[in-house]
Each structure stands twice: as structure tokens, then as C-alpha cells.
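To keep things clear, I will list the structure first and then write my remarks on it.
Chain lettering (A, B, C and D) follows the sequence in which the chains are written, and residue indices restart at 1 in each chain.
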């Protein structure tokens, strides 16, 4: 991961960790389940955005390098990731 | 949320928080992106399982009580939750 | 399924079938893959909306009836559906 | 799309169309909603598998060609596709 991507990803991760701390407090204070669930959905979406950042860096870095050097393994990995992301 | 559900949900949440700490270390130690992504997918699946636990408690508690007392609002909420979960 | 829900669901299904026929034509005419993929994503979202309609009818019909008659099986099914929808 | 991929994709599409015809019959014959929903979930998963086939062909074809000829547009598209797939 290049430094810019890593910086952005860690920033998003800190936000996600903070969000989960908020979820923990909601559960401990017996907040209405439906409101807690809406927050955990938001956490999952935030994780997806972080994944998108990482994937973008990966595609522009390792995948481009791999293709240029004739390493087809990066392509298999990329398709596997797509399948895994939704499973 | 009843006490049993809350206990189980908090246990799963602790696991998720630990998993994210592991993800943070992987990123800081510059682990290969694809391996980090596989872990964040696993985190999202763990959150979905935690949601399922909460939903189960909600359905057996608030939804049953709501229907028995003629409060249709819980039904609208339930359908909204299904839509939101995937959006 | 009550008649109103069935009517709406069949209408959405007809739209989805038409959309897939369009996808078939795109593939046969060698449309750019990325454009085909965007259409299949839209088809999946249309199916999710149709599911939401069905679920809404189910919750307001069978689930309410089940709870009122003391049949807890509808609750297990409901939680299973939630898990299956995302798997 | 190369011929082999197109052949496989059209085969999967035919299966999906047949599956939806089955769903239509289930709805017309007033099958229990929960059983219909399980089938529409299966249809969505079948569409995802078809998408994965198309993406695999796209990555191995257009993306490789694009990168080799210095066209970065294919990379932006690829990241967008991952985001769109889940939205």
C-alpha cells in the first residue's frame, strides 16, 4: 500500500473504531435495537468505503505492476476478491 | 434487548473490535492489500452475524409485543430494516 | 400473498424479465462488458425491491396471524430470511 | 467479451431466465411467500455468479489491454464496478 492510501485507510479505520465504540455504548445503555442496527449498517458501509480505497490503491499499484511484468496471478486474485466481497 | 441477547451481542462486538485491531496492525505493518481485504470482508460478515442476533431478539421481543398490542409501527420498521441492511 | 401484493409483485417481475431480455440483447450484440454489468446490478436491485414488497405482505399477513395464534415458527423463518438475504 | 466467455454467460443467463419463470409460476400458484423469497435470493446469487464470469473476462481482456496501452480509464472503471456491485 502506498503511503497516501495507507494514511487515508488508517483515518477511515479510526472513524470505524470510534463508530463501534458508539455502538457498544448504545447496547450497554439499552438503546432501542432498531436504532443500534441502523448504526451497525452504517459501520458496514464505512468498512466498504475503506475497502474501496484499499482496492483502488491495489489496482493502481500491484495489479498494474503485475500485468506489466506478466504475472497473471493478480488477475485471478482480483476476480476472487470480487466474489468474496459479496459472499 | 433482553439480557441474554445483550450478553451475546457484546461478546460478538468484542470479537469484532479485536478483529479490527488486527486489521489495523496488518495495515501498519504493510501487509499485502489482498490479505487485508479478506480480513475486512470477514469483519463485515461478523457484524452481519451480530445484527442477526439483535434482529432475532427484536423480533421475539418488541415485534411480538407490538403486534399483540396492535402497534403496526413495528412492522413498517421491520420491512425498512430489511431494505436498509442491503443498501 | 394477498391479491394487491401479488399484482404488484407480478408487475415488478414482468419489468425484471424485460430488463433481462435487454441484457441478453446487449451480450449478443457484444456491448462493452462494463455496461452490461451495470445493467445486471440494476436487475439485482430490482429483484431486491420485489423481495421487499413480498416481505412486506408476508410480515403484515402471515407473521401477524402466526403471532396472534401463538405460532412462533414464523419468527424463526423471519430471522432466517434476513440471514439468507445477505448470504 | 471473448466467445468462450459470451457462451458461458449466455448459458447462465438462460438458466436465470428459466429460474425466474419458475418464480412467476410459484407466485401465480400462490406458493408460500417465504419459499418464493428463497428462490429470488437464489436468482440473485446466480446473477452474481454470471457477473463474476463477465468480470473475469473483462479483467483478462480489456483491463490487461488497457494497462499495456497506458489507458488508466479501465482502472477507474474497475474500482467503480466494485463499489456499484454492492450499492
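Operating definition for what follows: a residue touches a chain if its C-beta (ideal position, glycine included) is under 8 Å from a C-beta of that chain, and two chains touch if they have at least 3 such contacts.
It should be emphasised that the depicted structure is a prediction, and the values quoted were computed from it without experimental measurement.
Q: Please state whether B-C or A-B has more C-beta contact pairs across its interface.
A: Of B-C and A-B, more C-beta pairs in contact link A-B.
Q: What chain is the most remote from chain D, judged by the mean position of CA atoms in each chain?
A: Greatest centre separation from chain D goes to chain B.
Q: Same or different interface residues for chain C and chain D, judged by whether over half of the residue numbers are used by both?
A: Interface between chain C and chain D is built from largely the same residues.
Q: Find the geometric centre of each of chain B and chain C from their Cα atoms only, then give the gap between the two centres in Å, rounded to an integer.
A: For chain B versus chain C, the centre distance works out to 23 Å.
Q: Using Cα averages as centroids, what's the distance between chain A and chain B in whole Å?
A: From the centre of chain A to the centre of chain B is 16 Å.
Q: Got the chain A residues that touch at least 2 other chains?
A: In chain A, residues 48, 55, 81, 85, 87 touch at least two other chains, as defined above.
Q: How are the chains arranged in terms of who touches whom: line, ring, star, complete or other?
A: ring
Q: Every touching chain pair, please?
A: Every pair of chains in contact is listed here: A-B, A-D, B-C, C-D.
Q: Spell out the residues on chain B that touch chain C in their complex, using ranges where they run on.
A: 48, 52, 55-56, 59-60, 63-64, 67-68, 72, 75, 78-79, 82-83, 85-86
Q: Could you please specify the touching residues of chain A with respect to chain B in the complex?
A: Chain A residues touching chain B: 1, 6, 9-10, 13, 16-17, 20, 23-24, 27-28, 30, 32-34, 36-38, 40-41, 43-44, 47-48, 50-51, 54-55, 57-58, 62, 77, 81, 84-85, 87.
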